[in-house]
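In the two complexes below, chain A is the common chain; its partner is chain B in one and chain C in the other.
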Partner chain A sequence: MVPQDYGFFIDPQRCIGCRSCVGACAECGTHRGRSMIHLDEMDRFDSPQTVPTVCMHCEDPICAQVCPSDAIKRSEDGVVHAAQKPRCIGCQNCELSCPFGVPIVFSGLEQMLKCDLCYDRTSEGHKPMCATVCPSQALLFVRKDEVANLRHNKPLRDFLIGSVRVKTKNAIMVPDPDTPLHLDAALLIDGGL
Partner chain B sequence: MSTLPLSQDQLRAQFGPHLNLAPPGGWLADPTPDKVVETHCCFCGQQCGIKLKVKDNKVIGFDPWEEFPFNQGKLCPKGVKRYLQGNHPDRLTKAMKRTENGFEPMDWNEAMDRTVAEIQRIQGQHGKDAFAVLSGVSLTNEKSYLAGKFARLGLQTKNLDYNGRLCMVSAGAGNKKAFGVDRAANSWADIEHAKVIWVAGSNVAECSPITTDYIWRARDKGALLIVVDPRITPLARTADLVLPLKPGTDSALTNGILHLLNKWNLIDWEFVKAHTHGFEEALEAVKDCTPQWTSQMTGLPVEAIEKAARIWGEAETSFLLHARGIEHQSKGVDNVLGCINMVLATGRIGRPGCGYATITGQGNGQGGREHGHKCDQLPGNRDISNPEHRKYICSVWGCTDEELPGVGQSAQEIMNAIHSGEIKGLLLLCFNPLVSLPDSQFTREALNKLEFFVCLDFFLSESAQHADLVLPSALHEEDEGTTTSAEGRVIKINKAVDCPGDARPDWQIMVELAKRLGRGKYFDHFTSPEAIFNELRVASKGGTADYAGITYEKIVKNMGVFWPCPTEDHPGTPRLFEGGQFFHPDGKAKFIPTPWRPPMEVVDDDYPIWLTSGRVVFHYLSGTQTRRIGFLVEQCPHPYLEIHPRLAEKYGLQEGDAVEITSRRGIMVLPAKVVKTIRPDTVFIPYHWAGALSANRLTARHLDPVSKIPEFKVSAVRLKKTTRDQFSPELAELQRMAYEARSGQSQMPEQVF
Partner chain C sequence: MRVFDELDLEARPLLGAALATLALCGAVALGSRGGRWLDPALLGYLLATLFACFGVTYRYFSWIERPATRMYFRHTLRTLFSPRAIKALPRMALLTLDQIVLQRFIEKRSIKRWGAHALLAWGCLLGFAVTIPLVFGWVRFTSEGLDATRYQAWVLGFPAGSFPLDSFIAFCSFHVLDLAAVMVIAGCVLSLIRRKQDEGDSATQRFDLDLLPLVLLIAVSMTGLLLTASEKWLQGRNFATLSFLHELTVILLLLGLPFGKLFHVVQRPAQVGVTIYKAEGEREGRLPCKGCGAPFIRANQRRDLEALWAVLELDGARHSASVHHLDLCPRCKRRLVAKAQGERLHGAFDPFATVPVYAEPISDPISMKS
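What follows is the complex of A and B.
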């Protein structure tokens, strides 16, 4: 059981693109070399912005809705689990339908694996592996009532993706609209060269 | 003669770099450890706490060490995958000699005999100083201390220096001049409480990733962040003010800021009068450094310079951090002093939330530069030319003043002296100069001239490939000892596994060589790292870097002890300079003027583009370890040329195009990485690779006159678009390795290109 007073907060603003999360996720004794985290460069030409994607643990997970073999379960504590064998048939419906692009059907395994919030760690009072190692704490696992003290930006758990409204257990930290953003060195130097 | 015994390709096939992709036994092996060892990362100066999982005398993985206060479990990708350097196919386990057929294993005794015979031959024919030692600060404090003593009393040569010469020496020299001591003024805990953070020449996110969270914690409390760097680094992207100055103009900026602080009367006069000397001279030196002048020098807008001075001047509390960007210059020490002048003028040091630090780069960059590892230094950060200091160390070592050599040559100067034939023999450990020294063609020529070259290493580094004899040494996790982190925190490295084969810790090799050289009386008592540490404690006593009160037990109990710690009941000193007390005899700090001077090489019609170099988060220094770890190679397999689209357009370059880069030293071809985050008059190359892919083919051997640090960060180059068939075979091989890391398949299908 993942403690209910704790939350997972994803802050892309802090992300430094180091992929510690990706590497550490694969090290888990149950993952055995497979990482469940995606880390994307948005557009390196324009910006050094990188974005980590872990499962958002939807309240009504679309991956589970579209699973033809009912292999994807959400436990009472709100954690959406990897597809269960032998039910999972590797059809990739979940991969194609997830609004955040999280599930991966691993070839050879023919099974969808995804972030389960490090159930083995969090149920024993540890933080998920990625949120433990993240050097910039772009991935943060803390008591929900601490976040307002720790961070200046606000958590968002309610998304409109296309026409679908998605509510999630994990939160994305939304930057202040007046946050400065420096993307082009030529604009910061005298006369722009 | 130390030319390569086989072709580069043949050596690579035998000694790598090959990739370690998975833990011992593969990913499906039982991951339950026999034991878990609390220790630290082997890489950078952050020295993050980490737990290594051990099974059957092999490191099989890691666990975060959340109780260790500095990083609280956080790790960068190098830390996460560091365990894969163990159980590695490239690992050296036998002594080896060069033969016509390449390197062949040899008996350990024979290797020792030959090494001693060659040392004695060279020293007998050419004098003691004709044999040099080049060492490094990935070594523990114990090994660093021993390297100093071994060179001076074992080999009796003055020519010992270390790869910290390529790292922290400008900061060290500047700090000693201004404060009388060389250490971060604060523990990192003060960063969080600062209202303004000034980061100069440090790509924090990639080179000291854990510090990123400290800075963000301050920002989340409202702190303003100013970043000075020719590139918009990941940390700078959202900073409150970014100052992408022209490479090599850092002291112009700090002079300009001091000018404005004075003009706007944002000086803490009370502090300056009570606790410093030399402010008038410092002001005199900046009287003409108007914002207009500063703008002209740095290429920054006047408004940005004024805004920076205003934010800095009006701050209640602040923390200034700098790193190699300002230090790797022929005026590295001046750049450091310019930053310190800004700190002293505002009196914001030695109080909670008020601090200053260089972000030490190498694993034991701090401790390894304190205890006699440098050509001009004795333990406790003592001066080898100071008669009182010499007298004390002679009393600890039980030698006479005549036996103790004087000041030797610095790292680059030693390589120059090898090239000129003055130095004939070399013992190299923990250093890969062929990748990390500037002007790598020159370094290669120099290594080829050595009459005898013995190298201690755990992998056959590119430099070791030139050796006559290679002795297998220990990995970080195969020995115990202490290191001192960037904060000045002395921490305990614990042994997790035994050395494989004939490999053994460097300290045992040095002690054995000293015995065989007939100098055993100075080394026989070193039967363990702790025995060396206990002598280090005595040798450092009374020096500025005083470890006398630090014991292994105390380090473990307190999760590190900050020096100075003069007595066993002393708690250590996380924050220096409290109450405005500095380490000069009169207790005051010194302002030192830094009149402007240009870099040694400037752009001109023939070489019109600035080149700067640096690190990426996935690799460490010369890459000897990280270029062998699959996950890290997958993320960043090879170097590239970062170039702004405006400059790229001028040369008709698009992403991935081949570009030929030429300096007065050399030439190389790399793929272009077109990004807006770099000044359009500057290009950047990461430096972790060797041979045709070494950024240091292009850099110059220009040194700072005080610190003797090479000017890695400023060179002039010209660019030319070329065709992709000009890429070196090494680049194709690294692309193949990245494919292997990604797919587990060693053969890359054609269509991937």
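What follows is the complex of A and C.
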């Protein structure tokens, strides 16, 4: 059971692209040898900005809703686990439907793997691997009451895609957490939609 | 109907399960010549098998009623009942050999996992292949007339050859279940060792779902082997007690079949249908991401997922009339979160306007414990 007074706070703006998290993630026992963290370049031509992405652990995970083999489960502590190995049939519904682009389906293995908050560590009272090694604390795993002393920004766990609300266990840091973060594709597409 | 409401049973799966169980009862009645060839000593097994049939079929029908499962199930049925079936069937046969019989995808996950699973799966299937026809009265052995040195095999009530008791065929017939038991025990022990050594499995496994089936399978196999040992080397000592224990463990296993991990045996063939679906999608081509332009999603899956999202009441996840959230590739979805956060911080994303990064000291960056 992951302690409920701890939270994962993500601040992509702090990422320095050192890839420590990528290396550390592969050490996690639940997917040993495979890194489940995504480190993307924001816009390689214009900027050195990199973006680390871990699973946000949705309250009502879309990946689980679209899974035909009912292989994705959310435990009582709010952690959404990788697809159960006996059940996953590698259809990629989860990979294509996740609002945050997190799961990875390994074809050949017919297996979806994803960040599971380093369950082997966090369930025993340790930090996730990525948060342990992140030098700029773009990935921060601390007690929830501690984060106010460490950041000007505040944790937000509420996202809006069109009219669909997605609430998560992990938080992203913003100045005004009372309004959901609107994920609007117009931000990505030059010239708007 | 109030009973169904209280039990929270769904009508269609209930009907499907009832029909399947009735069909099985009919097959047992026919195969055992109206029950004449049923072995009274195996009646407990028969009742547990009928319950397992009802439970597994109920859960199967409930499972394929889930919107996401229905999407693939219908596609597979459409393929099988269309002219494409002639082309698809040989491919399905090859996929069945690769994915269901040889289970090579498990080998790619881990050779240790595959070894344990192969022993377990083939041991169980061998065991069921021998015991189910005996329990249903479809196969039976008797002495050949008054000759006590020969055994007569009967299949569906018809004579199917005889053999001497000291022949190789007799040895194989009498000990095939011992072989299955040894395979199952070896597979279970290897699985337990792997589970003990694997930090990930140790953290996520549950006793009722992951360990209990292995413990039950070991109990079934051990009591089965002890029956042989009692008969061979102990002059039948404690045979009745062992026989009761064996029956008890098998019945517990069968009763748990619809509820536990072993249900994945009937789910796994869906993988063949999904592989065919993906191959058809590849032929149709991949659609480009509306964020970066890179092709990423198969056209058939894009269509079906949009319909599925509508059923799941997620249809509002649109960025405009022409851009659905499904039109963005996973990488663009990840970038979008950072863009949105950047806009919230600075009004518009500007990578050079980031706030200075200070590594604030935290009491212990390694462990929360100390």
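Just so we're on the same page, the second predicted complex is superposed on the first by the 172 of 193 C-alpha atoms of A that agree within 3 Å, B and C clash if a C-alpha of one lies under 4 Å from a C-alpha of the other, contacts with A are read in each partner's own complex, and residues count from 1 in each chain.
Note that in this section a residue touches a chain if its C-beta (ideal position, glycine included) is under 8 Å from a C-beta of that chain, and two chains touch if they have at least 3 such contacts.
Predicted model, so just to flag it, every value in this text is computed and none were measured.
Looking at the shared chain after the overlay, A:Leu181 reaches both chain B and chain C.
In the superposition on chain A, A:Asp46 makes contact with both chain B and chain C. Legend: residue contacts after superposition of the two complexes on their common chain; A:Leu150 is shown touching both chain B and chain C. In the superposed model, A:Ile189 lies in contact with both chain B and chain C. In the superposed pair of complexes, A:Lys127 makes contact with chain B and with chain C alike.
When the shared chain is aligned, chain B comes close enough to touch A:Gly33, but chain C does not.
Contact with both chain B and chain C is seen for A:Gln137 once the two complexes are overlaid on the shared chain. Comparing chain C and chain B on the residues of chain A they touch gives the larger count to C. By the touch criterion stated above, A:Arg19 is placed in contact with chain B alone, chain C being left untouched.
In the superposition on chain A, the residues of chain A contacted by chain B and by chain C overlap at 13-14, 16, 29, 32, 46-49, 126-127, 132, 135-137, 150, 152, 175, 181-186, 188-189, 193. On the chain B side of its complex with chain A, the touching residues are 22, 27-28, 31-32, 61-62, 64, 66, 73-77, 79-81, 205-206, 209-210, 212-213, 216-217, 219-220, 222, 230-240, 242-244, 295, 299-302, 304, 617-618, 631, 635, 644-646, 655, 673-681. The part of chain A that touches chain C in the complex is made up of residues 3, 6, 11-14, 16, 28-32, 38, 40, 42-43, 46-49, 51, 53, 62, 65-70, 81, 85-87, 89-93, 95-102, 108-111, 116, 119-120, 123-127, 132, 135-137, 141-143, 146, 150, 152-153, 159, 161-164, 172-176, 181-189, 193.
Considering their complex, residues 13-20, 22-24, 26-27, 29, 32-33, 44-50, 126-127, 129, 132-137, 150-152, 175, 179-186, 188-190, 193 of chain A touch chain B. The touching residues of chain C, counted against chain A in their complex, run 63, 66, 68-69, 71-72, 99, 105, 108-109, 113, 198-200, 202-204, 261, 264, 267-268, 270-271, 274, 277-278, 290-292, 297, 301, 305, 308-309, 312, 314, 316-320, 322-323, 325-345, 349, 351-352, 354-355, 357, 359-360, 362, 365-369.
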